[in-house]
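Below are two complexes that have subunit A in common, paired first with subunit B and then with subunit C.
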Partner chain A sequence: MSLLEDELEGHPLAGEEESDEPALRSPARLTAFRRGFGGFLVPVLTTLIAFLAGGLIVLATGHNPLSTYTSIFDGTGLNWLFPWVSGADRATAAGNLQQTLIQATPLILVGLAVAFAFRAGMFNIGGQGQYTVGGIVAVWIGSSFAGMPPVLHVTFAIVAAGLAGAGWAGIAGVVKATTGANEVISTIMLNWIAIWLGVYCFQLGGPLQNPKMPSTPVSSNVVPGAKLPVFWGSAALQGLDVGIFISLALAIVFAVLIKRTRFGYEARTVGFNPEAARYGGINVGRTWIRVMLVCGAFAGVAASLDILGWKFSLFTNDIQASQVGFYGIAVALLGRNTAGGTVAAGVLFGALLTGTSDRNINLSIDPTLVQYLTFMLEGIIILLVSTDVITLRLLKGGRRIGVTLKRRPAKETGTSEGGAS
Partner chain B sequence: MPDAGPPALELKGITKKFGSVVANDRVDFDVVAGEVHALLGENGAGKSTLMSVLYGLYKPDDGEILVDGRPVEISSPAAAIGVGIGMVHQHFMLVRVMTVAENIVLGQEPSRWGRLDLKAARSRVRELSDRYGLAVDPDARIEDITVGAEQRVEILKALYRNARILVLDEPTAVLTAQEVRELTRVLNRLKRDGTAIVFISHKLGEVLEVADRITVLRRGKRVDTVPRAGATELSLARLVVGRDVMLAARKSPSKPAGPLLEVHDLHVRDERQLEKVSGLSLTVRAGEIVAIAGVDGNGQQELVDAITGLRAPQSGAVVIDGEDIAGRGVRAATAAGVAHIAEDRHLRGVVLPFTLAENLALRQYRSPQYSGHGWLRRGYMKERAEQLLSEFDVRGGGPDSYAAALSGGNQQKIAVAREIASNPKVLVAHQPTRGLDVGAIEFVHGRLIEERDKGRAVLLVSLEYEEVKALADRILVIYEGKIVGEFPPDASEEQLGMAMTGGQVTQSEAAAS
Partner chain C sequence: MSVGVVTITPPRAVSAKQLGLAGIVLGAIAWVITLPPIEVRGMLPSIVLALVAVGFGAASAAAGERKLGSEAIVVALLALAGAAASAKSSAATVESVFTWSALAAATLRYATPLLFGALGGVISESGGVINVGLEGMMLMGCFWGVYGSDLLGWWGWGLLVAMISGGLLALVHGIFSIHLRANQIVSGMGINFLALGITGYFLEYHYGPNGTPLNISTVPNVNLPLIQHVGFFGSAIGDANLMTWVGLALVPALTFFLFRMRWGLRLRSIGEKPRAADSVGLPVLRIRYVAVVASGMLAALGGAYLSVGFVGSFSNDMTNGRGFIALAAMIFGKWRPWGALWACLLFGFGNAMSDRVSSVNPTLGTLFEALPYVLTLVAVAGLVGRSRPPASDGIPYVRE
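Right after this comes the complex of A and B.
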């Protein structure tokens, strides 16, 4: 866990600044601040502002924001953490918290898929597509090979899904490295290809459609031996499976990879300054490809944990309606592209989704309003995170930090800061 | 000549603090119409902070600003322009895809019936450029003109906004010697016209050339204001640094041994597939500094890139101690023993958001000390960084500080330390002191000579005559991608200048341009 915290808290503020070039002063301070205390405080503040703004909207529609939020909070199951909640309430809370963590499991991983690309200066919008191909492969393997030893079967399905996601994202990496095609465009296109590939596989008469249900566009069911064991709650009531541990373990892998390995160093160098990377003897194109492979693997594994953990089959309309990959972008942004931050943001978004789903809503609250509230909160968070200069400014009492940011050296080319979009 | 009225601009007791750092400590400064007043000081002395206060980018903690004797409140660049202050920043702020005229009028476009009147803009630009001898083509796009011309556009931008007080922040940092002379002429015309000019610089020589008065800042305080008459480079250097400095590096005659770098018949193309190095050959021996002198853009960049592995040559050989590395990439060059102090430290030399330890590992991170089996040895990185920071006297941070938090001089020391510490056979130093102040230049020059004396081959590529003269054991002049002459270090500026421009420049041509 110490590594995660290292990632979460970043570094102490850089030493007192000597330079008096305004061009350097503010971004330098901003960077130091972002990675230091502010790196923790700003996302938290951002979330608070988003909830505050959401509360005002609830108020404007003539409802009580306090009771709405209380209801959402209880819906997330986080009240399970309070020792005074007991009896039937406690059982409900436990069930809700299990749901929150089930939701958080893929969100964390898809968030890591976006975050890793950000650290290398790339914007991976393809989390959804990588998640989709991972899901197709996981459900195919999970529903085949009945009789395989469970541990082997599960491992096989997860690894294969990871490889599928890696391959899918790798296409965008290769295309960028060889032709210079922007990964934003190519990953978006790959999302659509993946979605229609999935629809093709499981549609009526499709190659992977469930032969026992010829009139339903759905995959076969994952065989019992390939299901992830449930360790909290009842498997019949969709209790919490061990997928969350795989997710957390991969967050640690992310932190280690970024901070401690040569590959992570290369990726960060490319992310901060590709010219300097070339000067350092780093093959920039190859690094792009490798980074995308890792991103895709995270997203592919995310899908396999959903399939083997609680979904067990894939409907074509599931594939088309899924938003996990896009939530991943918000999770990564809010998590500041660090492992710890992404875990925290993944849990937050998991909680939001669970807390606002209709079955958890107290009958005195308008369920439509609450669901829209999720989207509004998400929107506000993304807006604030991508314009964090505003948040920093509020934090620093309105001092002018934004002004000198514009003073980038005119002749500088090709530099981009990972995450500071 | 300066008149007896109130100064065009007066700064009184300006104080600006950043946290515990006092960037400006009760600084007084004034400039009268028709004079050039230079603001001289090392990087980090507080020059840019003072000008940012003047231009409304920072709010001073104390002190007042008077224009024509009247106190003014400058809270934004727009307010500064409003009282007649024009600023030419060190890094130009021009829209590269727009034309010269469009850039100049941007924000204050002349209009007719609500539509942009480009014809009026063009004629106004012509009128201004004729009046002050600022030769620009109003219809050229910014991306197609030279750096010197870009600067003229910036000056015109200020004049178009009726600036009577013109602030030039390090205006010569990016110019060639020829362009500096042109700038000096322009400044003289502006002076005659009654413009008050603030000239910010850390170069002693040029300050003595253009300024009427010189104010020296050191660590945020005004040290002294002296008239040009009677000031010398040495007296100014003493004021700037606060101690006696060696302006010319002291060095013994070189004792060259066998060749370590041999370039044979090298042909290199740039991104646009134009041949920039055409059949160049040179040799640098162990224990000597060979300087490549030339006007910018004559193939220096491409030559350096080819030697250091950043660019594959079309043909020819780059032989490092017997091993041909031409076209084999940066890793092969580094492995063969090439170190490279890059020209632009922000483009290549340092990664600003990285820590100093990470920066110092940049070129050696694959070596067994720094990493093994794919893992970084972070302990060694830190330990080595601590050693190098103390050996190279880098101030302003430890191994875990971010490079962005360091001053330019200290950032350059990081780049120099990293390259020298790699224990190279061949050290390629491309503009190693660009933008550095006197103290830092002294340090870098001293180190380069020290490395020479350790038996390394040093290839210095520089646009600064003083630097070439101070360091070189032999001077090779590059012109249109070829070496056109070899000179001893005591060659005169005229001799070199002649060769650098193809040997055809005559007095009349020099005067006409």
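Right after this comes the complex of A and C.
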């Protein structure tokens, strides 16, 4: 039995298991490269390649890639950063940029929730469920306790949502630590349970459904005192709320936690090799549980910022259609599971979402096409992120790199990389 | 020599394991007796049975079978909740929900797409390539199946086009995970996004806002005239879709292939110890490619069942997470075809149940939607425990 269990620890769903040959992928060299300039350049290059490939698809289906991309870019509001954009354009750009950052706020946090698990060698597909549970709690607290002082009320709602998310993710952690059940399967199950729980709460006749709107499956509205203050733009036009700062602050917390605390060290050690960690005296099961708790807290807070910042209520449709957990995985992967990378990737994905939403696309292009083009771009980005080989090769001008390509026999190269380089 | 501590295990008539299993069975019975055809009205018999089951579970847990014992207790409590629900509803309601034959037919309907996906996963992971991209491959089959059926006029061509599309997407996954040695989970997630983009883009590009045409050729149902009027079986399987039968037939076929046939054993050896397989001259990478592409084709068939086989149209993101459920079913089924089948039937049954319950009581129906996932979670944590994937699953192979 113990032999069997030992083998399981190394299962790649539980950790990023490399090949058993030490020289094949020297983690030290790869890490050194990532820490250096390459850590910045590779993701940027990856994104550029993806846009290039996407442009080809646009071209092949008879549209102009340049005008498509320009229109997406203007839709993101990032043109606000250009000093020459002025007047009405500037006002529109500001509004769009506010939306981009509003979208980025939860994406960063859910990205962190996935990234933290990855660092500890776990695959948290459960961001969606943790986000959903956090949202249910946030909207419940935000819409009750009407007389509470605003600061207290907001804090209460955010903390409670974080705890709810943590508890939800904690289930997967406890189950993994005590019975060895694979967290991939348990977090997927918890996603669906959370979604149906949410639908149950707010559906017609549900326990938390808005009593003032008996024919709409929606929660009650968040009371004014529990709303996050808007600091850029007008609150009536869904300006940017302070949630983005909470999101950024938690990214810093993430970095400190991972790099500067004993817990972070233990988590990384477990992620690197659970057997070695156990041998080194780390309680692996407890680390798994704690990591999941932290992950869930990030995702739960993400939901509360959405609810208290701009949604103010939760529709059952919204719960079922939300894709934020799915995006969170992409954000974490593109951000290479680091705090800074996840923030950057969160803003990029927030920008893509805003830039391709119906209202921001000018009418010369079919907005639906552009939305799905974005999914393709994201897919290509993630595929390229999954392997460093292609971008590394481009960077080094086609020369062989010691890190990943060293031991590759001649007959295996060429076919698959020829197209890329 | 020191004697140390001597543990004395008294001889038992029943082992802890048997006790735990008995607890589970009794717990289940506590609920089943309130359903047709027995339909015990009133809670008392169920309470008694459930209490006995809890006692067995506790005894089993105390005797060392902690997982199994707690499992029995959970089952007994769930059964008690079920029995309470039956007792609260009228007899007519219970009968309309638990029309077993209709439930069985619906279970098969819901399980079919999952089964294709899960079997695809089994093939790919037996060869050592993790396939998180099942969702995307299913989605490809879902759309391109409709496209093919619409363009070429016959559902068979539609299925073929679906398989080609799924195979091509799987080939991309293969190139990344086999040759480029990508992190296979990451690559699989990329595949999912790519498929979502491709299907949505080309749905809009080919069909515009009106969506796919209404009258495409769909996969027929198989009429079994012999048993069509034989009560339960007649309604349950007398008129099942052709693809359901194909899926069911694939389970023993794939089991035979993986465990009895030369190439299946070779595939599994590559999933376990690729170095050893290589040393006896097997083309490891090529076989992995074949397995991944076959996996994509199967998953695509599952997706095509949803569109070409069932609804006759395609809508964006139509698979709606079924690929992930298929993945869960594969893990739940311990990377084996039969295990995957049981897991898919469990999910299918849960969906079918919630449909029936929803028609009587929408509020309760919503909670029942979550039931299969709760059961899976409980089962994965308790009964199944650590399931063992192929030893080299997810590890790229590099020749010496």
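The rule we apply is simple: the second predicted complex is superposed on the first by the 366 of 421 C-alpha atoms of A that agree within 3 Å, B and C clash if a C-alpha of one lies under 4 Å from a C-alpha of the other, contacts with A are read in each partner's own complex, and residues count from 1 in each chain.
The rule is simple: contacts are C-beta pairs under 8 Å (C-beta built on N, C-alpha and C of every residue); 3 or more make two chains touch, one makes a residue touch a chain.
What you see is a predicted model; the values in this text were computed from it and never measured.
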First, second, both or neither for A:Thr179, with subunit B first and subunit C second: second
First, second, both or neither for A:Ala91, with subunit B first and subunit C second: neither
First, second, both or neither for A:Leu204, with subunit B first and subunit C second: second
Which superposed partner A:Thr387 touches (first subunit B, second subunit C, both, neither): second
First (subunit B), second (subunit C), both or neither touched by A:Ala330: second
Subunit B versus subunit C as contact partner of A:Val44, first or second or both or neither: neither
Dominant toucher of subunit A (residue count), subunit B or subunit C: C
First, second, both or neither for A:Met189, with subunit B first and subunit C second: second
Shared contact residues on subunit A - subunit B and subunit C: 11-12, 16-21, 24, 404, 407-409, 412, 415, 417
Subunit A to subunit B touching residues, read off their complex: 11-12, 14-25, 27-29, 31-32, 259-266, 268-269, 272-273, 275-276, 278-281, 400, 403-404, 407-413, 415, 417
Complex contacts: residues of subunit C adjacent to subunit A: 67, 130, 136, 172, 175-177, 179-187, 189-201, 204-205, 209, 285, 321, 324-325, 327-328, 331-332, 362-363, 366-367, 369-370, 373-374, 376-377, 380-382, 384-389, 391, 393-400
Subunit A partner contacts - residues on subunit B that touch it in the complex: 18-21, 23, 43-49, 52, 57-58, 89-94, 96, 309-310, 329-331, 334, 340, 342, 344, 346-355, 358, 361-363, 365-366, 371, 374-376, 378, 395-398, 400-402, 404-408, 410
Residue numbers on subunit A that touch subunit C, as the complex places them: 4-5, 7-8, 11-13, 16-21, 24, 57, 61, 123, 125, 171, 175, 178-182, 184-186, 188-190, 192-193, 196-197, 199-200, 203-206, 326, 329-330, 333, 366, 368-369, 371-387, 389-390, 404, 407-409, 412, 415-417
